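Each of the next two complexes has chain A plus one other chain: chain B in the first, chain C in the second.
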Partner chain A sequence: MKEEYFSINVRSDRPGGDIKIIDLEGELDITTLSALRDMFDDLYENKYYQLIINFSNVKYIDSTIFGLLVNKLKISRHNFGDIKIFGLNEQLMRIFKVLGGLKIYKIYENEKKAVEAFKE
Partner chain B sequence: MKDSVKEIDIKKLNIENIAPNHLKITFPNDFSYVRIVRKACIDFVKGFIENENKLFQLEILIDEVCNNAIEHGSPLYKMQDIYINIWCRKDEIKVRIQDGGKGYRVGDDELNREFSKEIIKEREELFEGLREIRRGRGLLLLKELSSYFDINLDPVRGSVIEFSVCPRSSAGRAADS
Partner chain C sequence: MRIQHKLFLVMVAVTIIPLIIFGSLSLNQSSKIIKTRVLVQLQKLGVDQSKIIKEYFLNLDEEIKWFETNDNFQLYIRYFDSGKDISFLKSLLESSFSYRMKNIEELQAIRFYSSDKQVKFELGKLEFFPRDIKEEYLLTNSVFLFRTEDGFLRMNVVKPIFLEGFETTRGYLVLGLNSTRFLNLFDNWTLGENEEAIGFILDTKNRFFAHTKDSKILESSKSIDFEKNTFTDRDIKDKFIYLKFVLSETPYLTKDSYLYAAVSLNKFMQPVNLLRKMVIWVGIASLLVALFLSYLMAKTIIQPVESLVEGARIVARGDLNYQIPLQRTDELGELTDTFNEMIRNLKEAYRKLENQIELVNADLARTNEELKISNEELQKKQRQIEEELDFARQVQEGLLPDVPEKLVGIDLASKMIPAKAVGGDFFAYDFDPDFPQRISIGIGDVSGKGVPAALLMVAVRDQFQSITKSEKAPGRVLSLLNKSIHQDIGAELFVTFLNAEIDVKNMVLLVSSGGHHPALVYRNKTGEIEEVSSGGIILGMFADIKYQEKVVEINKGDVILLYTDGVVEAVSPVKEMFGIDKLKGLFKTYANDSAGNICYNLYQKILDFVESTPQFDDITIIVAKIGGTDQ
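After this line comes the complex of A and B, so read on.
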């Protein structure tokens, strides 16, 4: 039994831009942890610390992934960057709230506002 | 970039409809099975919970307790199956998950047959990394999203976690606030 259910796409906010936008899609749980960790490692290896995560097409996130994102947020901020988030639906927002994510993450309505926040 | 579920052996998964309101699933101590287990649980419960948010919260909780049961099995011990039971009533959905305990430590020869050293190392690193990442967040979710929970840790006989959610009210605790 094999099923595809998760994808990652990384792009820049503009050609050659330093801000990377990560489009996630599907269900994020423990089985997707290593793929996400590898993606962050690649970005950090290339000195990209200003990151925006697009959750618009994410249906599910568990606490393992949330924990990974917290760890990566620390790394980004330690290197004078940040991780900003947009596209959380009502259910994901509730999970973020329960786990304390709304206190540590900056969450935006859309991609444009998240990009602008890096330029302020 | 695409990622996909590791191939699983469906024969190792046992789904039993014990009664119209009681489901029992037995599955291997392997994270690859968690997704299919939680989906089976949610499919079963759908007839009893109409509220999508409640279903989502229940799915999150089932995921957490399954991961927890697997995480607490040591890679150095013979892997045991995990049992999850769900009972659905008009006013309560009750879930109980039990791991098989650590069983017995396998001898070096058997250990070497069962896992290569590389696999053991990989699993140890995975579990170490997970502990760092998870750090009590599952418990926080249980506290906030369930209406009742109880944890009985017994590494020898098997640990049991029980929780319940109310299918109708909007509350876990802070769940819908």
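After this line comes the complex of A and C, so read on.
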């Protein structure tokens, strides 16, 4: 936790693709909650439920973010989609493990494998 | 640099510079043309004149030859012997002198020199002979001119004489000739359209031999040593434009005598000098015109621009009533009109703006007043909330359970510090005095902070206490608790929870956890720390989850540490996290102490670590030291 900043970028796996990849960056906590929530609302409004979150550049998340993500996972699955995850660092992996996140999320080595998993 | 000066420079550049360039070019060109023309004319003159001079000397030679070969003259000479008196020669010449005078018009005097240059006799006018005879005057068959004391030029022709019968006696017969006819040859030399030209003859030693009567040559020869009769090459080159013509085959003239046809350099340069003067005057006139024009342009262009600039300055200072007083019909006039119109528009816009500002100000004042009131209300409410939070905190602290007095074999201690007045952490005990060697500890953390988390926390705590009245197995307690709060809580809120049952009668520890940090167990025997967790997921998110239990054996001296996020995620001023490794290390260090001291020391270390950093999350520590049944 050296600098407090974050950024969100949403892109498709390919032009016009249905799978959206969300690149998160920085430290995510209660202060970034509403920005993330808005982003999910946008995606759901446009019927995007197949989501992949890239955590490669995320240093830290707090419990409120985790709560949000679990809630969104439920919504995605309810709409026959999913949220797949890749790029967790050691610390995030520990947080996920403690909170039981590893049991509810499917976690992949990289973006390619996460995208392929949607197509199987 | 002012525009006026720039304009002047431009004017000078467009007038003077071409003038200088074209002036010097044309001067150069015209002097070349004039020189070429003069040289062509000199060539013609020189050729003509050298013919005339040659003819003169040929005629003279014919006459002198006739004079020499006179029958009587030869006849008499033949009779004299060597060493004899030659006075007879005088009488001989005397007798024929007057006669010969008729044939050779120029013949004015005769003088006879012996071979040792002694004057033997003379006839006629003495002034025709130089005072001192020099070797060079007696060159055989030559003509020389000399200047007499009265300033006239005289011409002498030298003839060697060999007398028959006087073979050892050689003499020189010098004929004094009137030079008038010869010198007349140099008169009236003209070039082209009656321009005066100069002619003169120089011999190999540059001796001045003959020349036109033109006074200019006498003037220009003032610097010349006329007595010596010489010109230097430099004299000629500096003073004349000239051409040389060879006269070598002419009788009486030395082999390398030259006729010079020349014009005075001054004379030649006259038109060129005139042109140069004209260029200078035109230059001065152009300069004056340039000055005048630049002044005029400055007046017509710069002055209006300056008045525009001045106007703009006045307007810039904020005087919107100013109008530039300039009446013109050209582009500058248009610019001025546009500028004036712009100022009027600006003034109008400014007036509107002022009105709006007044309105806005009035609005602002009203709003400000309202804000002041709401601010006061807000502060009041804030104080109220703070008071309420303070009260809630007291309630929360009051909710924290005391260590059951009848607990046997377990040294139990706890410490909790909320982050924002009230936090999401909580813990509770389930203890039955009928089974004093067993205690069930529930520790939890509601996601989020502040009042919502605290409210949920209270609900979860109540649920826990309610459920444990009838259900003791930690796993089932969690399953029921999850089911119960899933209905209660909002979509994104969840709870991490760990239920640890410590039974020192059977020396076992049962742990069931839902998204919570594992229980740390310090093993007294090995000094190692073991993480104990059943690995369940967070509570409140999914209904109908079956939580597992983990069972481990415990021994006397083992220490169980339960904690929440706030411990491992405590942040130092350099943004470093406290972390699980540091916690484990410290736990090991203090494990041999009492539960209360372990709790206190860990808490102090966390405080030392965070220093003045604001606490983000609740911190909860529970320590249970196993004493065994004998205690």
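Remarks
Here is the rule we go by: the second predicted complex is superposed on the first by the 116 of 120 C-alpha atoms of A that agree within 3 Å, B and C clash if a C-alpha of one lies under 4 Å from a C-alpha of the other, contacts with A are read in each partner's own complex, and residues count from 1 in each chain.
Basically, contacts are C-beta pairs under 8 Å (C-beta built on N, C-alpha and C of every residue); 3 or more make two chains touch, one makes a residue touch a chain.
From a predicted model like this one, the values you see are computed outputs, not experimental measurements.
Judged by the touch definition given at the top, the superposed model places A:74 against chain C, while chain B stays out of reach. By the touch criterion stated above, A:64 is placed in contact with chain B and with chain C alike.
Touch criterion met: A:6 reaches chain B, while chain C stays clear of it.
The larger set of touched chain A residues comes from B, when the choice is between chain B and chain C. Of the two partner chains, chain C is the only one touched by A:103; chain B is not.
Residue contacts after overlaying the shared chain place A:112 against neither chain B nor chain C. The contact surfaces that chain B and chain C form on chain A in the two complexes overlap at residues 1-2, 30, 62-64, 66-68, 71, 94, 98-99.
Residues 1-10, 27, 29-33, 35, 39, 60, 62-64, 66-68, 71, 90-91, 94-95, 97-99 of chain A are the ones that touch chain B when the two sit in their complex.
Residue ranges of chain A in contact with chain C, taken from their complex: 1-2, 30, 62-64, 66-68, 70-71, 74, 94, 98-101, 103-104.
Here chain C touches chain A in the complex through residues 445, 447-449, 491-494, 496, 514-518, 535-538, 541-542, 565, 569, 571, 575-577, 580, going by the rule given at the top. The residues of chain B lying in touch with chain A in their complex are 1-8, 10, 31-32, 34-36, 52-53, 56-57, 59-60, 63-64, 67, 130, 132-135, 137-138, 140-141, 144-145, 174-176.
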